[in-house]
Every structure is written in structure tokens, then in C-alpha cells.
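The structures considered in this document are given below.
Two complexes come next, and they have one chain in common, chain A, joined by chain B in the first and chain C in the second.
Here is the complex of A and B:
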């Protein structure tokens, strides 16, 4: 189909095309003194209460001689005259009703009586936190923007709207704080979104895949979140948020790899606890990726690596297993992946049952039947558990995936294979960028300032600087001098 | 994006010279250098480490004087062209490139050999070499920033391995380095041997123009080299405390054998883990060598670095798999080391003196302006 066919359609063509749908209504309305109005609208898009109250009733009561009269008669905002096919098509598809005097006139009045069906704002499910706000974004763009504006009541909160998708005409909002965000970042973001060529944009995940710096990488380079508090906090750090119509997740950019491992709850609990949990999470990720490949490497090639006592335990558990370690490991890893996929596709209640059946029954049975060793079962289960600790869902997927190449390399070259693939990934991560900013920051390029909120989180009172990553327009959150000074022993600052 | 932008993207800050210098110096040599210097200067060889370290500080200083002449940092190819003319200058530059290529080959082949000796006796060389070179090529393909990143992480990530030096101290005999004597003849011979462990920093001569504010980077170069000296000193001392002289003579890779002493609750033979992690240390060596060669060829042949990179990687691969026997690899090591010794201890000072004289001579003629290209 032609890309810009909506521009080429005439007023009548649009109406003819619309009439083919059964939910398109053409009505005659008798006004005062035998005046007749012709109304056309999609019944599925219009709300019948305001349609009756603000369109039908006023028109019935009043006699209109011109389009101007109709405009005045309707107690609605945004009533406008229309004469081009393009405007008409857009209007009709957004729940507006066309009012004309004659059936064949190529002009009329558009009045908006849109039906807004929304999901209620609910509790975040992907990024649940025990402490802190319990609201999550919904599918409605206006509601989402409202949530953000409520959190950041400042006029520097800037919203730029772009429409993309040739068929879906998805409204995308780029949100940033004008006095903090870096202009280049905003410019790049808007350019990248405007450059998207696609017919239907279902979700911000589509946009995410289009605007990522390297879309061939398994590592997500932009954060997507469903928490308004996260977005608001990140906006104040000079990041840019991208919202889109019909999507409950918001993209945040630029970002770093470390940020994918920081839960937003880290900011709601004291800094030492938060730092400790962050480190545990990072350790969990490393464990999740490397434990099974290490098991395969060690048992296949480097049995000498294991101390005598531990070796005895391992040999005991493996003595009746008929398969080589790699076979055993892939079998178990795949089982876990199956369980996870099945659990994700099923309704919650059934999912739980599947988890129990799969996890406990299959696992125990596999060990008892002598198909896998119980040591490996422990390792794989722990690794799976560890991979769930990632606060951002997308990086969890990456971790699931990259374990398999590591397994193969472990089988091929043992520990050397693991470190070969490890250094390949390292090179890959160094090459990655998020909105043109280095992905591995603050590690490389080494920026001491940004370490304050990376692997650990220092107290808020020490975080007077804004991160270097975003290259913000203003350098500080608050002035260091104004911050509380420490009193000496037995002295008080007045 | 304008050309200006692309250029500044591949520049790195002076701070990273620390890692570029340090990572290039530490490589496979550290596995066995102690034995050789002990052969030359006995257990007084730890003095040699300090002495050589100090001498090389002077060489780094000279190198900076040569390259920073005129304010704007240049690479050695420009310097050669300026002082020796197009033909002789380029010929000298080519010689440098061949030297760096062979440095890369030596490090890669020796690392694989050590792996074959200690971990996998049956490991076939070419698949590992191929995979390794693919990683290197992929890294360089994304620019100097990535090369620097690997150098940085290649120092930072395995840095914890230095803690493994503590455990052999349990069996240390601190009297072994006594009496401390300084015998000039022995030390001179040992300095020559020790220099071989320090070579690699001369790649500075190629990447200096990629440093933002190259003048400021000199202190980092010295610091990087200083850390190398300290590391070698620590390894030397621990080795001397642990091994008796007769024992050391019979150990080919004393550093690796030291790892065997280390006992952890879950790891018995630490050298397996250590050697695998050493890949991160070896990686910067090769990635910088290959970058230098591909960059140099780009400048000399005036073609795209993409093409010269693939050519360099291919050559590296072919040469690496060509050396199969112990003797061949040992000879390769010896030859590259010797050439390296002459390049840094003879060629660099000679070039320094020559450029200083010519500069003096020229600035007498034209009072205010420095030499122009």
C-alpha cells in the first residue's frame, strides 16, 4: 500500500470508505423548524452520553443556518470546521462526530465525543516494591503524563509529541526537564523517534528496538519501567523519558548497564542496606551466568581443581549419571527455561501449580531416576533464582540467554572457553552505547562521580552532584555549601 | 555527525595512558622472568628490577620529548618522515610495525603454549587463536576507545590476582636475599634480561595522538610504568623468598608454580583459574599490538584501517599457528626480546639525541619557529 495514502484521499472518499464499516453511523437529525442535520460517526469510538447531551440535544433545540451557528450551539471544546479529507479521517478515527447540513457537502463540523475506556491505575507488577508508591503507568498517555506532572509540578517539565506509525498513528511523548536535560540528548532522541518507519507501533518496546544504539545486541540499552516514581527521579537526573499511547511502560535514556541492576526500592531504604542488596544482586547475576558453565568446565576438564573432600561429594552425586556434564546441564537448564516460559504464558493460578509440579516433582524425579546429579540441580535452581533478582525484566532475559553460549564454550575449552567468551562479551559491552553515551560507565570510562550511585548508593546528603553520564545542563542537585555541616563533639551549630 | 565529532569520540583522556602503558608491559613474561634474572644476578636480581624500572622512566621521558616536539603530539611515523625523509622514514616505520606484529604473535603464541602445557595438553592451536583474533578484531573495529577500554579492564579486573602473592609467604625464607650486594657486571647483564619484561610501552609512539591533551599524559605514563615496576618487584621478591636458588633453576614458570601453593576451600589448583583469568591480561597486549600495526599501515599505505586491520589479523593468525614446537616459540621469544631491547635502549636514545641536535640546529637557523613538517 502507498505510504501516505491518507493524504491523497478526498473528503467524499473518506466517507465512502467509512460507510463500509457497520459501526459507522449516518444519522439524520431533525432540528427546530424542519432543519435537518446529517451526523456521521463511529459508534464504537463515541461516548453516547455526551453525544446525546452535548450534540443531539443542543441541535434539536436550536435552529442553525451556518456552520458557525452549530459551533456556537455545541457546549463542547475543540469544535472545529473541517473541509479536508485528511483532517476528517483523523477526526472520525479519534471519536469525533461530523455534522453537516447536506449529505453531499464536502465540509462540516467536527465535535469530539470520544469514548475513553481506561484501565484503573494499579500496583506495579514487574517492579513491585514493598516500600514506596504503589502506582504504575497505564495504557492511556494522558493519564501517564498526569502521573508525571503530579510528581514534578514544574513548568520546566517539557513534553514533545511525535506521531509515528503509518497506520497506528501512535502518539509518542518525549518528556524531559528543560533546565536539566542535555540538549543534544533530547535532540538525538527526537530525531531517532521521528526516523522510525513502521506501520503499527504497539508498545514502547517497539520504539525501544528502533531507537537502541545497537539493535543486534542481546543487552538492552534503554531502561523500560512502569514506575512513575522511577521516571520522575530519573528525569531530575537529566534523563529523557519516552511514553507512547497504549503502552504502560516508559523508556528511559541514556542509561548504564549497572542501572539495570538497581531496584527503585534501593532509594527507599537506608543507603547501607540498599548498597548491600545491590551488591548481592550483582553477585547473583554473576553467579547465575557462570555457575553452570563452571560446573561443566570443571567436571569435564579440570577435576583437579576441586579439593579432595568436595570431589568425593561430587563423585557420589554423579556416580550413576549416564551422561556427560554438558548434557546433564543443558537438560536441566532447558527444563528450567520451559517452566519459566510455561509459567509466563499461563494465568497466575495455573502458573503457580506448574511451578510446583515442574520445580519439585520433575527436579526430584530427575535426580532419583539418575538423569542428573543433585549438585547440579542445586546449582541450576540457584542460578534460575538468582536471575530473577534483576529489577528490570529485560536484562533478566539477557542473562537467561547468554548462559547457553557459555555452557557450550565451557564444554569446548573449559575455563579457557569461559574466559574467551567472557572477554568477547566484555569487548561487546565496551562498544555499546545508550543514546550515544557509554554503556559501561562509570566503570569505563572511569567516572568517580557516578560511582556514588552505581554498585553502591551513598546517602542522599552526599549526592549533591548530578550524574556525569547525562551531561546535564546544570551540575548540581543542591549546593554542597548549603548542606548541613558536621558539628564537632559536644558542639551545636546554631 | 561532523568529522570533528567522530574524531573526538575516539580520543581518550590522559588518565588512560596509565593503563595503556601498564597493560602492554605485563603479559606472558611475568610467568618466568625471575628465573632468567636470577641466572644473571643471583638473588640480588631484585635490585635489577628497580634499576631497569628507573632506566625505562628515562626512556619514557625521551619518547615524550621526541613525540611532543612542536607542541602537537605526533606519532613515530610522522617523526620518521620529518627527520629521515619519505623513503628512509617509512622504511623505519615499517620495521617498527613488523616488530609490533611479532610482539603480538609472541604473546598470543606463548599464552596458548602455556595453556597447552598447564591445562590442555591436547589443545589445538588454531581454533583458540582464531577465536582470540576475532575478539581482537571486533574490538579494534569499534575504535581506539574500545582498545583503551580493554586495556583498562585488563588491568582492573584481574588486579585481585595480586593477592595470590600473599599465600606463598607462609613458606617464605626471608634470609634468601641476603647478602645484598651490588656487582656491576652481573647487574648489567640482568638489566638486559629484565628489559625484555618491560617492553611494550613504546607503543606510546603510535597512540599518543589519540590522547586528549597528550602533554598531561606523561605523568600517567610514568605512573603506569611505576606500577609495572612495583608488580615485577613484588613477584620477584616473593619468588626469591619462596624458592631456594637451586630449586628456582629447575622451575620454568616460577609464577605459575607459586599459584599451586594457594589453597582455597573450593579451589585446589588455582593456576587453572589464574591462567584463564590471565586471558584478560594478555588481551590488551595483543589488541594494542594489532591496533598499532593496522593504524601504522593505514598511515603508510593511505588506505582504510578496516582493510589493514583484516590484513593484520590474518597475518597474526597465520604466523601464530605456524610456530608449533617449543624451540620455535622459544626462538621467537628470544628474537622479539632482543629486537625490543635494541629498539628501546639503542634506537630511542639515538633518535632522541638526533632529533634534539637537528632541532637545535634548525632553531638556530629559524629563530622563532620550530621545525615544520
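Here is the complex of A and C:
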């Protein structure tokens, strides 16, 4: 396999292959005093304005005798002579134009007149925040790097580029802050990316699945975000970002499980509010995973756990339902999953309609038809709602999925089954790693220092130490001693 | 390695499927939930068991139904009751267990034993003794204050424990009093009166047999001996037609036992703080309050002395005097205590603080 890729085509073979495409242009250009240039390029990759202005016009006006002359004649950067087939193939496919004197010559000049078609930088959609910057990454790697450099104007911001994918030749940029990031982390990340063997890499999500420590786990071990502010902030904590060409999401590593539940808005609102919201989110996740299985377990095996006052409500709501709780629960859970899936596949406007149709019509109808109890309807709807509170989309999927094995265990063994599967899951999470660093940190291994930005977020003034997770080269963000008190206005109020 | 994991996984999963047969599901709406049970004395060899079950008709109001069976053993009663029910009976939500007074006189433990063994039975359920009528009648009656009979009775008892004169009592307390050395159990007594049920006092038990009744007003005295914080009411008589009602807010009992191992002598210091909730006279001035306070102390000391004398005459010890000795004497034995308790000298000293007297114009 690898050998095949190394073996490259000859200069002429490349051109012959290219000529098969109809958008490959070969044209003669008449210069001064009957000099002729042969130009070859992909019309779909080249921008016609600079092509006319910086290639055609200068060549027409000047007489060139050698390739060096052409090089000088073109007012473009990166003009270079080419003689190998490999270089030529790469160049032509990146929007460069080949200029030669004779049609059969196995050498020429490559000049870049690349056409850059971009989406405009827009508002983040998956990680929208009310407060804070409203820009999100786009599909263009250079634009994304530009966004990062604007936020971190320091020369220690390092960008290492790796090209992966045998066909797609996707440019991947590993970004880190040289004086903060741990060298081992950087090395590991680059190694893992270089080791990727695949033909086409569409998105960082592909890379994510290749470089994850345990790709068989349902839990995502690397964060992917579309917010430049999040990436910039995490880089200063010694994390490593991976950007790739054609992908608006950026991978961040190493990370912990708790981080998946911290919205970036948590840093834009006061610390106590942020902490409260973060705890609510964590509670929501637990609720989302355990509420329906608990309902099934309690109603099937542990009637004695139901408070006396709730008993009548539950029995009344279930009295006309012909199914056992498990079928009722699976029916509703699947309905919600269908709604979500349909909503995600359809265009936004239709999706909203589906939401209303599903939520109100199906829900009410199912209860009235006696297929499900209204108590369970409330529980399932709340659980679904709770699963959408996760700021990182990827973990939301996990939470929705692991509910089903819990449901099954609740049916098989009741609360015992839930706790059994819970223990299995806990053991699994404990063994997980993110870029070789513990995933359940700071809980396991217990690191008190990192609790300051885990379940709660302490004020910035208390966050002078960098997290232990990333094993940073530098221990502190700022020196606690140096941070002096400001001499403020102190008006005495009587 | 991978093979090993696969084998493990396979055996685990198949184990799951095989073992599921062992757990018996009790789906909530497919069982008949028993809310209350009552046992009546029929004759020397027979007991009548009554259960109260709530019925949830789809379009009607909830009401309670009863099932009854007579047999010689409680387990057989269960069998006969199951034979009358369309769904299996589920005892997990029993909130109150009632006993006929006649049955209580013959000993409760042989019935309670089934409840002790059943892991579904909670330790916070209420046990009570019914006088005046059979438990069957009590459970069969529909009470206008609450649709579910069992809820009505259990809430009634709990309310009297939390806010009124009855000391803390439930299945757990009963068992710890029964099995614990140096104390005797007690249970609330209920009496059906028309459309309502009334708590008339406490039944004092020796071992598991009914001995005597402690009237409701004296229950307050037992309550202040047993509990630190407790609400309850106590009437102080100043003279024939002048009296005040004292509501207890807080009480603290300090037990002093001398010669615990040979001839125990008790000095019990009861510190009370309370408020005057009712006064039959005109105005409450400071001297009047002081007068009430003095009268209350004398009356309380007298009543407490009478109470302990009553206990000693019956040789029952619900207040746990024996337990106090046991804490100080490693060689304590129940048999010994039974012999000496009737003659143990007890001295009460009451300290009363009146915190409020209510709003006056």
C-alpha cells in the first residue's frame, strides 16, 4: 500500500491524466515578438481575475527566454520551477498554473492563482452563547488559523502541519503554545495523526475517531468545538488543538469527562452563576440517563419504594395501559429518538413543525389512546430535554444511547441491574484516557487543584494555577503574589 | 486475551438471561397493593385477618375495599386472602397493622413475626391496638376525612406523634422496645367513634401482652421522659375553675442513677420549656405566669410520681428506667430488673421555663 503511494507518476503521465478532465485547460499564449507560452491549469481551481492580471498580462507584455525570466515576470508569490511529476500533480491540484515554452517539455513554472471559495464566518450554531463572541470556525484552514492567531498574538503559538489521507491529501494543523504545552502531549498528538492510514479525511471527526484512545467506547474522549474563543482559552491551559482543511470543528486534547458539560458561556458569566448552571447540567445528565430506567425498575419490581401519595397517581395513570412498563418506556423513548432523528435530517423550518407535531400531537394522542401513561410521558420528555443541555453535542448522543442498556437492565434485574450496569460503566470510564491522560480526572485520580474548574468554576482570581491534567511546562497563569490590589475609589456612604 | 474477554462476556450475557427467571416482577398495576392489615381474636386457636386494599376504578373516585379470612396461622390467612383476590397481594405498601385488644392480651409476637421476616415491610409502618370494636369493623368503615382508610389511620397516628401527646412509635420502636433489655413496648390505642377514629391513649405491654391503658393526657408525661423535643399539651389546674394549657416545645431529661449495680435509685431532672396556649382567667400578668409556673411544676412532679407508681404497680417499664440502669451496670439482666423495678425509688425534679404566653390585647 505504502509503496504504491511513494511511487509517483512522471511529469508527462500527470499531464496526460489531467487532460482527461474537461476542466483541464491547455492553451497557447502569444507573447511579445511571437514568443509562445503553453499554459496548463484546472479552470475550476484557478481564479480568473488574478490569472488574467498576474499571469496573462505580464507574459504578453514581456519577452522571456528562460524559465527564470518567467519567474521574474510574474508579480506573484511562490512562483517556482517544477520538474518532478509529484510536485506538478500537487501544484496543479492546488490551483497552480503550469507555464512552459514547449508542449513536450518535462519542466516548467508553477504559479499559484488559487480560487478560494469560502463560507463567511458566521455565528456558532451548536455552541451558541448569549454572551461572548459570536464567531465560529469555517471550512477554510487559513481562515481558522487566522482566527486563532488574532486571539493569541504570540510567537509561541506553534502550528505544525501534517498531510494525511492518500487521496484527499488533507492538511491538518496541530496548534499549541510552545511555552505552555507539554512536549509529550504534542509529540503524541503528532504521532497519532501521522499514523492515520486512510484515503479520504472529510472532517476532524474522522481524525477524532482515528486518534481517540479507545475508539470502541461510546464516550467521546476528545472535545470538538466550533468556537475560536474556546480553543484559544484551552490552548493557554496547555491543551493541543487539531484543525483540518475543510472542517469547521477543532479537536481539543487532552480533556476530561466533566469538561464536556461545561459550556463556554460559563466563563462569561459570574462564577457562582456559572457553577450553579454547571451543576444543573450535570444533574440533568444523571436525570436523563437514570429517570426512565428507574421508572421501569420501580414499577416492575419495587412498588414499595413509591411514596404513598404518589401511588394513586401512578396506578391511575397506568390502569388502562395494556403493556408492561418496559414496552411503554421503549415505545416512548423510540418515539423521542425518531423525532430527534427526523428533526436533525429535515430542513430547519420543517424540523420545527415536526417537533410540534411530535411533541404535542403524538404525546397527547399516545396517552389518550392508552398506549403510555402520562407520568412516563413527562419523564421521557424531561429526560430528552435534559440530554440536550450538554454543551458538546457529541456527549449528548452518548447519553441518549446508554439509556437503552440501562432500560434493559432495569427490566431484567430492577434497581440491582441499574446499579450493576452503573458499576460496569464507571469501571469503563475510569479506564478511559484522553491523549494518555486520565479521563475522569480530577475525581480519579483525585487532584484537588483541578477541582477549581470542574464541577464548579471558581473566580478567575483564584485560577492562577494551570490545570494538572495537561502537565504544562509552566505551572502558573500568573503569579499570585504579583497580582496586587488596585487602589480603588472608596467613597464613604453614610 | 480477546478470546478470554469474549468468553467472559458471553457467559455474563447468558447468565443474565438464565437468571432472570429468579426475579419475580411485581408490576405496579398488576398487583393488589395492601394498605392496612387488621387481626382479630376469634377463639383460642383462630385469628381473623382483614386487609384494606385501595381500588382505583377508571372513572370513579378511589375507595377502599376489605377482604377477610379466618384461620389458625397468619400465613394461612394470607393464602385464603390471596384466594379472594384477582391480582396477587403485595404487602410492600402496608402502612398500618392493627390488632384487636383481645388478641393483644394473648400476645402479639406470633403475628408480628411474619412482618419481621418480610423484607418488603418497612420499619416505619404503624402498629396500633383497637379497642371497642373489631379491626374488621374499623377497616370496613369509610371515613369522610380521607378516601383511603389506611391512609386515614396512619396519618392520624403520625399526626398524633408529631404534634400531639403520643410518643414516637412505629414498627422499629416497637421491636427495639420488645427486644431491648430494660424496656417494655407500648402501642397507640384507637377507638372507632362514628365517622372518625380517635387515639385514646397508649397500650402498655409486658413482653408482647397488653397490660393496661395509659390515658391520652398522661401520654404527655411519658413523652417528655422519652423525647428531647416534643410537642404535646398539658393542662395545669390552678383551682377549681381556673386552668391553663401548656404546650411543650422542648424537654430535656437528665437521668441520675445511683448504685446502679446494687440498689438503683433514680433522680430524674426534667427540664421543660413551653408556652401557655390557653388560660381560663382574664389577663396574664407576670405574677400570674409565675403562679402558673409554680403550680405546673408541683402538678407535673406529682403526676410523674403517680405515673411511675402506676408503672411499678403494673411492673411495666415503657419509659426505659431499666435501660438507664443497664447503661450503667454491665451485669444487668431483665429477670433481675423485673423483680426490683416495683420498689425502685424514683425522685422527679421538674424545671419549667415559660417562653411565650401568646398574643394579648
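The rule is simple: the second predicted complex is superposed on the first by the 476 of 494 C-alpha atoms of A that agree within 3 Å, B and C clash if a C-alpha of one lies under 4 Å from a C-alpha of the other, contacts with A are read in each partner's own complex, and residues count from 1 in each chain.
One rule holds for everything that comes next: a residue touches a chain if its C-beta (ideal position, glycine included) is under 8 Å from a C-beta of that chain, and two chains touch if they have at least 3 such contacts.
Worth saying up front: this structure is predicted, and the values here are computed from it rather than measured.
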| item | value |
| --- | --- |
| Which of chain B and chain C A:446 touches, first, second, both or neither | first |
| Which superposed partner A:258 touches (first chain B, second chain C, both, neither) | neither |
| Chain B versus chain C as contact partner of A:141, first or second or both or neither | neither |
| Which superposed partner A:423 touches (first chain B, second chain C, both, neither) | first |
| Contacts of A:413 with chain B and chain C, given as first, second, both or neither | both |
| Touched partner set for A:306, first chain B, second chain C, both or neither | both |
| First (chain B), second (chain C), both or neither touched by A:431 | first |
| Common interface residues of chain A - those touching chain B in one complex and chain C in the other | 301-302, 304, 306, 308, 413-414 |
| Complex contacts: residues of chain C adjacent to chain A | 16, 19-20, 23, 25-29, 31, 33, 54, 56, 58, 62, 90, 92-93, 95, 120, 122, 148, 151, 154 |
| Interface residues, chain B side, partner chain A - complex | 12-13, 15, 115, 119-120, 123, 128, 131-132, 134-135, 138-139, 142, 145-146, 149-150, 152-153, 156, 263, 265-269, 272-273, 275-277, 279-280, 283 |
| Interface residues, chain A side, partner chain B - complex | 301-302, 304-308, 310, 413-416, 418-420, 423-424, 426-428, 430-431, 440, 443-446 |
| Residues of chain A that touch chain C when the two form their complex | 298-304, 306, 308, 311-312, 314-316, 318-321, 324-325, 412-414 |
